[in-house]
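Just below sit the structures, each encoded as structure tokens.
In the two complexes that follow, chain A is the common piece, with chain B as its partner first and chain C second.
So, the complex of A and B:
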């Protein structure tokens, strides 16, 4: 499979149609952060993914989406044209339609394929074409995202798959299992038959019983060894991961502690804010009285005004009273008798005598008649009236004193109000005024807490961002793993140590048991059956035993040869990729589970336990090139290698050497990178030294960094 | 190795075992393909070829054992 062209239309930042042409060798796609490098890679992943049939609107260009009118639609398309026993094209697409103001829908996802034949372009099922030409197995060993993805054997299944695909080991597994069973059955047949042979029956029975027991123990020990080695490998891997990310882990641990401390601080402020609930305090702490001083002031002013008005009116009243008293005295003086004689008191004659005289029509004071209607009669009647008035006035005068003196203000309401005003002022007023001060203080305190909480939340946000940056640097190591950090390192070392010690013990035990097994087998083999039929059964068993060992040996040899071949090729690439640098030797080491780990050694045989980032990258890339060679050899088809940001750990000098060499390796290789950029400008002098095709992808000018719909990737072929 | 079937390659790998060679008294160069081995006069070579061939044509483990053990009993 040699990629000829890739077309990306309206896929995320790739607005409109964007086309890339590829040669058989190296193609560089250069872009800065956010220019669309990973989107290019993910467009290919999306294209080759045959497991999801539903369209995802998130893959539609935001810029194109923002331009769609209601009722309009457009397509998202990624297609690849390649040579694989003839030119073929795989195209995946779906439609996005706008059907309302803010309403869009994605529909009609299609997987199309085309084959160029003599008769012309023939449509085929795109999904089938992917599975036929670039299945998941090949994708696994062809497409790599970031440096951490390069160590394909991190996943133990990957090596097994590779071996299964290319080393015929799977076939051997089946035959080893068959011949083990044949050996067991033929042995049973021989043991059964030998019972009829008196010469050897007892010895066979004795040795066979021991052989059965030794085999059982051997099988158990081998099973335990496999488990123990797997366990040791697991802890070895964990330790390597932790050591590799020691610095990151320390930073992570530190930032986590700081985040925890800040969270505690934030919780404290939130608690303090919640404890000062203004609504509750209105009644519980009588904050509702905070307006009391103003009301009291008004009340006191009004009370004082009332009091003053009462006093004024009272004085006026007293003056008026005094004036009237003076007038009466003057009148009395005026109305005295002319001759100065004293008037008769009003009670003479008495009421009863007056009534008698009126009744009798005679004045019994002067003895004259007083007929009804006469002057004297009227005089007597008036006199009686006067008497009665005086009697009434007298009775009035004899009433209790408070009722006796008529006052202007009969009640003391004003005094009560004034007294209340005085009572509310002073100490009480000072308490309520203190309440207002308390409220002010509380509000100020809560505002201070809120300000501090906002500061803490801002710090937390920054710390979260820093934590996210650290996790990105950790390149795929999980948060949980970093979380465990170095507290677990000692535990891992202990467990690895225990597992390795146990593995050594088991290896020794297995060695001894194999010796015992071989001894008992030899003993049985050495027996010379007396009966011809038993001799035949023995020979048949011997034959199956040898055949079993030959299959086991062939399987082992096959795997060894496969690894050696892969190792040789990988070391060839490693030498070439590090032509001007130390390169070391790649070794592929088999594990108990028939998997393998990649290690780097110095030529003096010592393991390089902590290779630098660039050494690791070239080491893993060498193995990947070797696998690719093997794939080509076995399938008689070439396959591209596609890397996204695989050389992040390279320095400038290493970068240049690496590309100069990879430029001349006869293998289709697509590298998406931000190498060769200096402040977003291409270093053309270095690029000109390469023979490969180079594309520059970048964000189109004039975008708004906060608005995704203004961002689009432009594609320019530089050379 | 190009052009050889997986059965041929497996046969070659197994027949290369030195102890099996000594036991069966054969030379691995005599048979380079399954077809040749199935017609071999050497019963060990033929037995190995039968195991591989019958395994590849879908016979069960029990069937293969019965056939090969009967063959060996008659020819060894």
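So, the complex of A and C:
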């Protein structure tokens, strides 16, 4: 299949009719973002899709749609003309009709096909033509959107299908299955016949029973091996997927840890700042007293002034009081001396002596008797009474003086405030005078915390951005998946390990069983039948057995050769596509199911498990070119390779090498790309060096950035 | 003899009813039962008397008094007498500052015209002396509340900042005081306009 022309009419941004002609070699379709590259690719996908029969109005050009009058209609058409045992055309189209204001409908989707024959252009069913010339399987190996599409052997059956489709190997399958049948039938005929041969019947029966059992075991083991390999492959695939994100996952966990640590730090600063509530501190920490020192001085001065005044007044008062007391005593003394100069002091004789004299009825001062009732006796009794009065008065006089003195101050409120004043002085005063400095220090501290918090918050912002970048790089992988990756990875490794171990065991077991099978077969073969008829059966069986082995061996050999040849060609392309870069060696590893997987190795034998994006792309492309080559050889029938933005991981130098090589590859190749553009302008100097055809697609000038209906793709053939 | 301090501390200063809505309830949890404490979040101060203390010190430091309205129906007192002021132990995140009472008392003695000689001689009653102290206190508070209200009329958000009340006091500090040297207007502390000076 060689594409000659593609026509796109009113398909999305392709307004009106747009035609592309193609040569047998490379054609570049160059466009910038939004110029219609992907639309070109999707137009082809839409054309080749045979599964949907209903039209989708969204594929209709918005520009054309905006021009339709009520009652008018126009068509959306994509058609391809190609050479595939003669020129053929496949066309898919539908009609869009405007039937009211803002009312449109899409109808009549048709799939048309034409074949150019000697008799002229003959219409055929378009769908059938697609299925015949470019079915879904072929599309899978020839149309690639982006770089991720290129891994054609992701699907474990892909290689097998490829071999079946494009090589003669499948022819062997028929013969293998025929000869298997012949061998089986001839064997059972021989076994049946040998039962009549007494000489060997027992041994044949015995060996055949063993052989049946071994074959059963072998078949089971082979089935289990296939399943186990499939399972190991499954986990291998999962691990590869996860490993793609392993680095991201590691970065992600690391940044998450850092963010957590920063958040804790920020919380610490916020706590410290909040603990310093300036307004509340006015009260709780008595900051309100910062202006108080002056008031305290006033209070201290006032209370000490009152205290001093009170003491002064009190001293004056006591002095006055003392003076008056002294005057009275002196006066009393003088009056006593004048009135009784000859009188005995009142305290002579004493109270006891007087009581004795009264008791003894005699005056012991003068020695005269004083009987009871006499004048002298009465005198002594009066004298005793007088003594007692004086003694009482004396005792009264000896009581403390202030008890009887009148006080000047009856309250001690001045002492109360003075004592408060003393209490607020000294150490307490220094606390109050230090308040201003304390506030200053605290504000400074909080300012420091705030500065640090601001720094931490800036850091956090940056880390959040970094985290977002990581997530973007992970291409839509969710945060949860990145979190899970590590655990899953371990689980998958375990599973894969178990499967691989089991596969090894099974391979060993199969090897042993095959040995047993061959042994029993040899044993049967070695038997010398006694009967002529049995000998004939045996010879027939032997012959079919040889034929079977020949076909099985040939099939195996051919497959291996096919793989080797494919590998050689792929490596040839790989070397050319990476002329100036490390490329490694492609290996196609055969699996139990006769399929294959692609792996990249270094020349020293170690597998390159994580090839770079461009290595991977060139590796897959090399295999694709090789497949295409081989199929061309086998079927004398080519098919194109169509890539949309397949080189996005290439650097400039790589890009040039790549196009220079691919320009000379003898293969129809259509590459839709934004390479060769410098600020939307073509780098003609580089393009001129190429021999291929080049189309430039771009948005027509004068569009409105917000209005889809003003956008149309123009197609210009550059060379 | 009962201490004059205790007689004073048993009292409860009067303030003008009009400040209830504009100031007391704006800045304090006043008027909310303890069960409604959650709703009181965001208030700068706790008990109603706290804003009275702030107002008192503003009046005191500026030495500005304002006589209360004559009509007794336009005056009121808070529930807690002075002797309970600053006992905040039960409130989360706050500490007791009961010492403040002594300083208020000392300031009142310093700034009131009480003849303590006459008082100690018994020539005037202790009740009369406490009346004089309370008048001083109420007039300082009254001026302080008026000051706060005036600021808020100019800018309703004036006091709703981390440092707003503190700044009022720092602005009254003598110029040589240490805190003045600190850049408390730094952007990291406050994001917008600086309160104007009281001077």
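Operating definition for what follows: the second predicted complex is superposed on the first by the 434 of 719 C-alpha atoms of A that agree within 3 Å, B and C clash if a C-alpha of one lies under 4 Å from a C-alpha of the other, contacts with A are read in each partner's own complex, and residues count from 1 in each chain.
Keep this in mind: a contact is a pair of C-beta atoms (placed from the backbone, for glycine too) under 8 Å apart; a residue touches a chain by one contact, two chains touch by 3 or more.
Predicted model, so just to flag it, every value in this text is computed and none were measured.
Between chain B and chain C, more residues of chain A are touched by C.
Of the two partner chains, chain C is the only one touched by A:309; chain B is not.
Look at A:566: by the touch rule set out above, it reaches neither chain B nor chain C. When the two complexes are overlaid on their common chain A, residue A:354 makes contact with neither chain B nor chain C.
Of the two partner chains placed around the shared chain by superposition, chain B is the only one that A:547 touches, whereas chain C remains out of contact. On chain C, the positions that touch chain A within their shared complex are 1, 3-5, 44-45, 50, 53-54, 57, 60-61, 86, 88, 93-95, 97, 99-100, 102-103, 105-107, 109-111, 116-117, 119-122, 126, 129, 162-166, 169-170, 172-174, 177-184, 186, 188-189.
By the touch criterion stated above, chain A contacts chain B in their complex at residues 168, 171-172, 174-175, 177-179, 181-182, 185-186, 189, 536-537, 539-540, 542-544, 546-547, 549-551, 553-554, 557-558. Across the interface of their complex, chain A is touched by residues 6, 9-10, 13-17, 19-20, 23-24, 43-44, 47-48, 51-52, 55, 61, 64-65, 68-69, 72-73, 76 of chain B.
Of all residues in chain A, those touching chain C in their complex are 277-292, 294-296, 298-299, 302-303, 306, 309-310, 313, 408-414, 416-417, 420-421, 423-424, 432, 436-437, 439-440, 443-444, 446-447, 450-451, 454.
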